[in-house]
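The first chain written gets the first letter, and so on, giving A, B, C and D; residue counts start at 1 in each chain.
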Amino acid sequence: MDNHETEQRKSEHLDIVLHQKVTSHQITNGLERYRFRHEALPEINFSHIDIGTKFLNKTLLAPFAVSSMTGGTDSALYINQNLALAAQERGWAMGLGSVRAALEHPEVAETFRIRKYAPDILLFANLGAVQLNYGYGVDECKQIIDLTEADALILHLNSLQEVFQPEGNTNFQHLFSRIEALCSALDVPVGVKEVGWGIHGELATRLYSIGVAFIDVAGAGGTSWSQVEKYRSPDNQIRHAAEAFTEWGIPTSDCIIDVRKHAPHQHLIASGGINTGVEGAKSLALGADLVGIGRSLLHNASSASTPDTLISQLKRIEWELKVAMFGIGCKDIPSLKGTNRIALIHP
Amino acid sequence: MDNHETEQRKSEHLDIVLHQKVTSHQITNGLERYRFRHEALPEINFSHIDIGTKFLNKTLLAPFAVSSMTGGTDSALYINQNLALAAQERGWAMGLGSVRAALEHPEVAETFRIRKYAPDILLFANLGAVQLNYGYGVDECKQIIDLTEADALILHLNSLQEVFQPEGNTNFQHLFSRIEALCSALDVPVGVKEVGWGIHGELATRLYSIGVAFIDVAGAGGTSWSQVEKYRSPDNQIRHAAEAFTEWGIPTSDCIIDVRKHAPHQHLIASGGINTGVEGAKSLALGADLVGIGRSLLHNASSASTPDTLISQLKRIEWELKVAMFGIGCKDIPSLKGTNRIALIHP
Amino acid sequence: MDNHETEQRKSEHLDIVLHQKVTSHQITNGLERYRFRHEALPEINFSHIDIGTKFLNKTLLAPFAVSSMTGGTDSALYINQNLALAAQERGWAMGLGSVRAALEHPEVAETFRIRKYAPDILLFANLGAVQLNYGYGVDECKQIIDLTEADALILHLNSLQEVFQPEGNTNFQHLFSRIEALCSALDVPVGVKEVGWGIHGELATRLYSIGVAFIDVAGAGGTSWSQVEKYRSPDNQIRHAAEAFTEWGIPTSDCIIDVRKHAPHQHLIASGGINTGVEGAKSLALGADLVGIGRSLLHNASSASTPDTLISQLKRIEWELKVAMFGIGCKDIPSLKGTNRIALIHP
Amino acid sequence: MDNHETEQRKSEHLDIVLHQKVTSHQITNGLERYRFRHEALPEINFSHIDIGTKFLNKTLLAPFAVSSMTGGTDSALYINQNLALAAQERGWAMGLGSVRAALEHPEVAETFRIRKYAPDILLFANLGAVQLNYGYGVDECKQIIDLTEADALILHLNSLQEVFQPEGNTNFQHLFSRIEALCSALDVPVGVKEVGWGIHGELATRLYSIGVAFIDVAGAGGTSWSQVEKYRSPDNQIRHAAEAFTEWGIPTSDCIIDVRKHAPHQHLIASGGINTGVEGAKSLALGADLVGIGRSLLHNASSASTPDTLISQLKRIEWELKVAMFGIGCKDIPSLKGTNRIALIHP
């Protein structure tokens, strides 16, 4: 695939995600079906609430991560820079978009070199797991880690996205063994995520068992990639087919609960359609360790050359989390994660 | 009944179905209440997915059938030709509309002679079961098979449609014994279908037990014949009455599950309001062997003199089926039919 | 109360019911939550379907009754005449509106003398049960029967309607004993009905036990009398209060099921928001012996000086009932009443 | 905080509550999910229905209270006067808005001196419980009681409101022990209420156990304070955050049932989104002793200089309660509270 083509596709993705309706018609992340039981007398001082946490032995000031999104295009340069500066400022984790572009087209590698803007954050590099069937192995992954100075590598599972892309890589055979081999060969932890259709409990269990250090469910209810490809496709039948998949996927809340039921003690990131600190609080209360946010940060990340409005947004999300914690009387993340003050709304 | 009258009625039907809202207000095929559990790591190669199947000992390239629709009118000629050419091209099964017209008016028989366009397909001839009470017997059915060169005969049950038609044949007595006699006298297999109100498990069991080779549930949620007759009727009270029946019938998904529960190993076709390959995949996962599609093919079948756009539609439906199978990691139809990755959506 | 006032009120009622929205915002008769299980092979001849029945030892050609509605005003004269002629023609039962007006104002008695138009029908006279606390007793009821030549007397329970009427009679004490006395003193059977808020099983049981011959549930989901009074009231606060009661009452379907559970063998009429023969069929399948229809007949009853359009409407309702019976393979009313082919729709 | 600022805030609150949509988008008080089972033959005389009750040993002519709302601003003067005159006229209880303003700014104390207009009513003074952490103690509370001549003091719990206010007091530590101390030191009973997010059963139990005499649940479904602050905030991020909390809180009906289950015999006020006597009747039937109404009285309380329209509204609410009681055959409040004629609507 030539560089121009990849760049083109990635710019189109950004454009569509920023300006079109890319969410499902009916399916939601399911968090609206859960409600916190308000604690009218919280017995804590709001100013004592501490949302700091640890993930993969690194300290975070807030239990949030910027989801893997971009890199490899012109606009990616300052989007990633803004995201990195904001993550550093607020102490969030951050994921880079797929670093494959950097290896195939060294001239765009710069867009992934954001460690200088964010020396202290937990930083995730990113690669499509399916690339392990298309020429990528331990060496390439090491290059990716070196280039990005990341703390960990996330492999994303995006089967349906690959199918919907004309240029997609759609051989998903033998990936378990390749992931297993990679996990034992790399020095950094390897995580696995979806891109918006979700990971269920059994798959998570199997991935943890082969050495995967953490899972990001990336469930349904947020950005829907069949929708995104619908806007891109020149083929009328593909556009039509995309419609048939708008309601596909496992809602984020179902994923969290299912994975947590199967693997009570493993590292777990919740993401997929999460926009507010209240949704973040629900995800943590349902079992997640960290909360990933993607598309809803893009607007502020791309609209200015400084990270200021983006930082405000991060602060707002943190503040919402704190207020939710105050509302149920939890003064720190462990207590939020152990709460029983969340329940399904009666139908 | 004179020829002009029948032709007139059948043209009106086509016209109404193509240009009016002929579906229920509330009732759906129920498939939207089922969701596949996404398998983020499918472990298969998309290009290996095989949707071929067998039905009545004939090989199909895809588990789809064009539902019985037309014949006996001018436009039927090229609609049936298009459907036959497309079915041949894509390896689908195909049903003809009721062949009664051809026997009563030999001059329209040509519209049913489509075997020449589709030498290899599984082809179903069609007759209203109630005609067995109105002068049709083994001989007439043999003529129908001879004329159409069909592999099997489908008898349709359409009690309410007959009632709503001014000229309807509404004596449905003694049909079990007549169908039984026909099954043992004919050389080809005999199937039974509804026309949009569905067949439940007990009835299916009884039909299988008297020699019926396969059932097509033709459930509620798609074309509603009371709605169609509403547009045709000159009688204000009949139009009003039709409204009272818009929500009548057993949703397609309920039929599939019920028939499959009663008859785990018999041949079963799902149809009624199915428009996409995702709905087809759900029907197969819920227990069907083949998926029938009617009205949603009519537009492309009737809008051009070549089958090209119709063939594109068939390919799109097949592709949607394949993508759905990829999404849950099933590489062939037996594995899709055996999957447990489908569940009712929590309400 | 002077005559002018009563007449005025009754004309206003008719006017409002004919021209305003007088149904609840949310509450329905609940019959839409039940669905017949379609029987694709009914094994009967549509033309053999017999909807005749018996009620109170009188033969009816159809299991329907015109609900008690009018009398005592100018327009009542020809409305009641139309209803009587139509009921006679189609063999329905019929209820008169409250005959109290005739006793208090002999000059309007003529509007209740409709036996001459309907010599053969089952005819119900009507009186507010609460009048037994306001000077009415056995003698007055005998006069009512004599005047109307009715086969039975229905006492209506309309507590909330009386409260919403400025001139209402709102002492409902001691009515059980007065009804009991009346039942044993009158030569004709006495029934009890509501006017749109429903009668539940325990009350029905108690009424049957004191000699009441039949119950008409007159449940919620159709005409709502708080709504009707809302349009009439000059008092802003009463209009406001009426809004608070739009969702009051027991839905018709709940009443039928509850009364039938408590009293499996007693005479039971279903009414309240029933407009079609399909709803009638559901009511009978759920346990009713007869189906009452009120408001939806008024338009045709009042819009012309001949009963022709009204008769067409009655025929249409009967036809819908027959089609529904055909759709589930029931050839007569006893078989419809014994059917198990009706079920709550899964939510 | 200077006087001008507090006054300003309180005027803004009134203004917003009167002229903006301040309720949640989805969450309701939940009472619409409960339906009374209509009693067609109530066996009582409407004119005998008695809605008088006792609360804290004081006689009320109706089981209603004006919820704590205002004081300390110009408009509060005649709003409180209207509310007091109306409460006196109709025999309702009444709560004052937080009396803190009167202690900090003696010049506004007059707005809380309404005992002269309502010599006989059960009158509640009001203070934010959190003020016990900000310099308020037994002495200040005694001053509040003296100044207002109130029968009891209500402490309100408003954690989220304090957080959303820029000037909020957000240290909610140690309040149990301070409330306990206050309860034993004061001569008047002390109650606790929320301000629109609800109090659940366990918290109520704990509060009763430390000497709190009564609870007002003030549940979700009515005025939402995050919504109110949304309109006030100059900070874009706070406005955004407010949206994330529109669906926060425990619906009023859930609170009533939960508190009553935990504390069957304690004094309990239901409030939060209650606007009609029918909702009041449901609250009492579900377990409340008294029903509080806030925002929906404000319009009439503030729109005229005489209490006449407000009194009409109170009468209308009482009349709705009576009609509801008539509709289920309850002739007094104890019988309404003991009724089993209320049930969840089938979904």
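Simple rule for what comes next: contacts are C-beta pairs under 8 Å (C-beta built on N, C-alpha and C of every residue); 3 or more make two chains touch, one makes a residue touch a chain.
To keep track of the chains, here are their UniProt names: A, B, C, D = Isopentenyl-diphosphate delta-isomerase.
Since the model is a prediction, treat every value here as computed from it, not as a measurement.
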{"item": "Equivalent-chain rotation between chain B and chain A, CA atoms, steps of 5 degrees", "value": "90"}
{"item": "Interface composition of copies chain A and chain D: same or different, split at half", "value": "different"}
{"item": "Chain centre separation (chain A, chain D; CA means) in Å", "value": "44"}
{"item": "Euclidean distance of C-alpha centroids - chain A vs chain C, Å", "value": "62"}
{"item": "Junction residues of chain A - those touching two or more other chains", "value": "347"}
{"item": "Chain contact graph, described as a line, ring, star, complete graph or other shape", "value": "ring"}
{"item": "Complex contact set, residues of chain D against chain A", "value": "129, 157, 159-160, 162-164, 170-176, 194, 197-200, 203, 207, 220, 236-238, 240-241, 243-245, 247-250, 347"}
{"item": "Of chain C, residues touching chain B in the complex", "value": "32, 35-47, 276-279, 312-313, 315-316, 319-320, 323-324, 326-327, 347"}
